[in-house]
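For reference, chains read A, B, C, D, E, F, G, H, I, J, K and L in written order, and residue numbers begin at 1 within each chain.
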Amino acid sequence: MSDHIYKKIELVGSSPEGVEQAVNNAIAKAGQSVRNMRWFEVAEIRGHIDEGKVAHWQVTVKIGFTLDE
Amino acid sequence: MSDHIYKKIELVGSSPEGVEQAVNNAIAKAGQSVRNMRWFEVAEIRGHIDEGKVAHWQVTVKIGFTLDE
Amino acid sequence: MSDHIYKKIELVGSSPEGVEQAVNNAIAKAGQSVRNMRWFEVAEIRGHIDEGKVAHWQVTVKIGFTLDE
Amino acid sequence: MSDHIYKKIELVGSSPEGVEQAVNNAIAKAGQSVRNMRWFEVAEIRGHIDEGKVAHWQVTVKIGFTLDE
Amino acid sequence: MSDHIYKKIELVGSSPEGVEQAVNNAIAKAGQSVRNMRWFEVAEIRGHIDEGKVAHWQVTVKIGFTLDE
Amino acid sequence: MSDHIYKKIELVGSSPEGVEQAVNNAIAKAGQSVRNMRWFEVAEIRGHIDEGKVAHWQVTVKIGFTLDE
Amino acid sequence: MSDHIYKKIELVGSSPEGVEQAVNNAIAKAGQSVRNMRWFEVAEIRGHIDEGKVAHWQVTVKIGFTLDE
Amino acid sequence: MSDHIYKKIELVGSSPEGVEQAVNNAIAKAGQSVRNMRWFEVAEIRGHIDEGKVAHWQVTVKIGFTLDE
Amino acid sequence: MSDHIYKKIELVGSSPEGVEQAVNNAIAKAGQSVRNMRWFEVAEIRGHIDEGKVAHWQVTVKIGFTLDE
Amino acid sequence: MSDHIYKKIELVGSSPEGVEQAVNNAIAKAGQSVRNMRWFEVAEIRGHIDEGKVAHWQVTVKIGFTLDE
Amino acid sequence: MSDHIYKKIELVGSSPEGVEQAVNNAIAKAGQSVRNMRWFEVAEIRGHIDEGKVAHWQVTVKIGFTLDE
Amino acid sequence: MSDHIYKKIELVGSSPEGVEQAVNNAIAKAGQSVRNMRWFEVAEIRGHIDEGKVAHWQVTVKIGFTLDE
């Protein structure tokens, strides 16, 4: 049990709403092809501005999942 | 079109509500004197505590805007 | 007045809701044993994923408080 | 449109010519298996020396591409 | 020969024994699906504590392997 | 002479050709409104990819210029 | 359960044997005054040299433990 | 009051005397064109050597000032 | 002797005079409750500006002291 | 063969042409006194500006060479 | 006694066994030409992989030694 | 003139007085064996504590000097 191996992948989620929803979107997308996701780490928060307002947030997350079965 | 030049300025927005509103406030203020804002990067998140609670969030953002016309 | 000394402690707050609530929880806990908290700095944002969704956010904060009396 | 999800992969391109060609080589290779590449970020520049001269440049790039549709 | 392209993947190996064995475990796991591994870089060393002792070490490694031919 | 004061501004130059030309473009643009530029520091190298190739390089530079007299 | 609060303390363990034993020593010492330790993060590895050999390893670890109940 | 917006500018002050005087010089210069300066952050300390001695210290400071009125 | 354990605490000392006095103040305050202090590390130098001048320096120091006896 | 020891030295090469030539110049100079150079790492890219143009590029490189024979 | 001057050199030790032995090898080699070594700092841990296994560890260490008398 | 090559060496100067004197001491020592020193960069500020007070400051400086003539 203590010898688990994990893989980390790096995604950028975006959302017009904010940081949390951008992360949720990234994790939801990753979940379509990866099973056993265990944790995430926020690596960068940025976003696009359009007509003087935040158009959408872009959050880079590293997602860790179990490789073993 | 591929030879755009951008300038980045660094602002600190604050808000009692949270990260997103602090960023919105910084961008709204910047928009009073800068046109053609294109993106932002969150550089630091901190805040003041008063009477044991978060009084306001302070978020440092770098804002990029187009210099050419 | 200009010779205040502050101490920083490092806590990890967690919350199923998001970044702000995780920070609020950490500060509320710290306030049970520390008086005169003055500011916080977000050092890391991460979280656990369960069944393909964010189970809770974990935010590392440094909290500064006045040491002098 | 504002809810795109991107994935970043990390490659090391090499070239005897210089930084730009090493990046071009990495992107060309990535393009054989990844569609919809959108941006790259240079993470590290190094290289091998042979007989007192640069034998080839090695540039680590992160490449971002669209995951959706 | 000087135009090799490499890909880096990021894994977390764990072991109750120590840093070296955690790295060995990560590389052994990666070798089940990746050929031509060439080097690794240790990015982070941490671990879990159980009943006052290190239960297992967790070492994040980036593993580089050749993409070509 | 030893008491000069300098200001640094942060620009992003872009070019389809490469790093050097992107920096040259940023400095040429800055020179339209700033005199006495003295040095630059490359802070970030990235770029856009279009149809599987580098469309243009984007190089963030800090430019230092003399404030005095 | 998802609202745990953790505190991190920073210790430097030392050992003539190596990294793992230095970490073990730091955690054993911390366990004399702290309960519910959950994880550690290695922040720095260094050491003293005496008569041309490593006299002891010094490893800085951050130790996280549960604050609640 | 909690919604102040601040701007940060980056200056390099120099002085033959030392770190403090170099910072003072940068702030005095900034004060000629900026009102409501509130804090500074030292980003880099370096200097020139002439004839085997420090000729002058060069300290990069970020200066924060209030944008609102 | 080679198995000492040290703890690091993080303080912010302030002084209207400069970096050295701010560090001295932090260490003097720490010495009221901690014995066997052995070293310090400067982590950050910043300060407040009032009426266009440095009102006081704020220096973040990590202080290491022996835990064993 | 697996027990090679390498030394790294840090040089700054300069060139009016660009990054690659500045690195080449540093390596050529190092080769006058060091044998068995094996790799280089680019640590910093900056340069001087004269009359509104890049006068020369300055690239800091770490150069690794074999110590054993 | 408090005015010692130290020099730091940067070496890469390698070993098929692990981190500690790679550091020992680097220090032993340095000791052939440098006297009065006092401390080391681990700057990077990486290694080569051959046939799916760690062939040797490569650890970059900075070694500090006394320059005076 | 634009093709100068510089070498950087890393020294730690110490002084009971403060940062500036520790740097001065390091540069004075370096000047005994190196000619044509041109600049320095402060990399780290720390020090030893004895009997509750700063015994001496230890400042790590990188010193750049011209290699060519």
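A few comments on the model shown:
Note that in this section a contact is a pair of C-beta atoms (placed from the backbone, for glycine too) under 8 Å apart; a residue touches a chain by one contact, two chains touch by 3 or more.
From a predicted model like this one, the values you see are computed outputs, not experimental measurements.
Taking the definition of touch as given, a chain qualifies here only if it contacts chain H and chain K alike; those chains are L. Chain G maps onto chain K through a rotation of 120 degrees [Cα fit, steps of 5, range 0 to 180].
Between the Cα centres of chain H and chain L there is a gap of 22 Å.
Each chain gets a centre from the mean of its Cα atoms; for chain E and chain I, those two points are 38 Å apart. If you average the Cα atoms of chain A and of chain E, the two centres end up 21 Å apart.
Counting partner chains per residue, chain D has residues 9-10, 19, 48 touching two or more of them. By the definition given earlier, chain contacts exist for A-B, A-C, A-D, A-E, B-C, B-F, B-H, C-G, C-I, D-E, D-F, D-J, E-G, E-K, F-H, F-J, G-I, G-K, H-I, H-L, I-L, J-K, J-L, K-L. Note for the complex: chain B touches chain F at residues 2-10, 62, 64, 67-68.
Taken together, the chain G residues at the contact with chain I in this complex read 9-16, 25-26, 29, 48, 55-56, 60. In the complex of the two chains, the chain A residues touching chain C come out as 19-20, 23-24, 27-28, 31, 37-42, 63.
On the side of chain D, the complex with chain J involves touching residues 17-19, 44-49, 52-54, 57.
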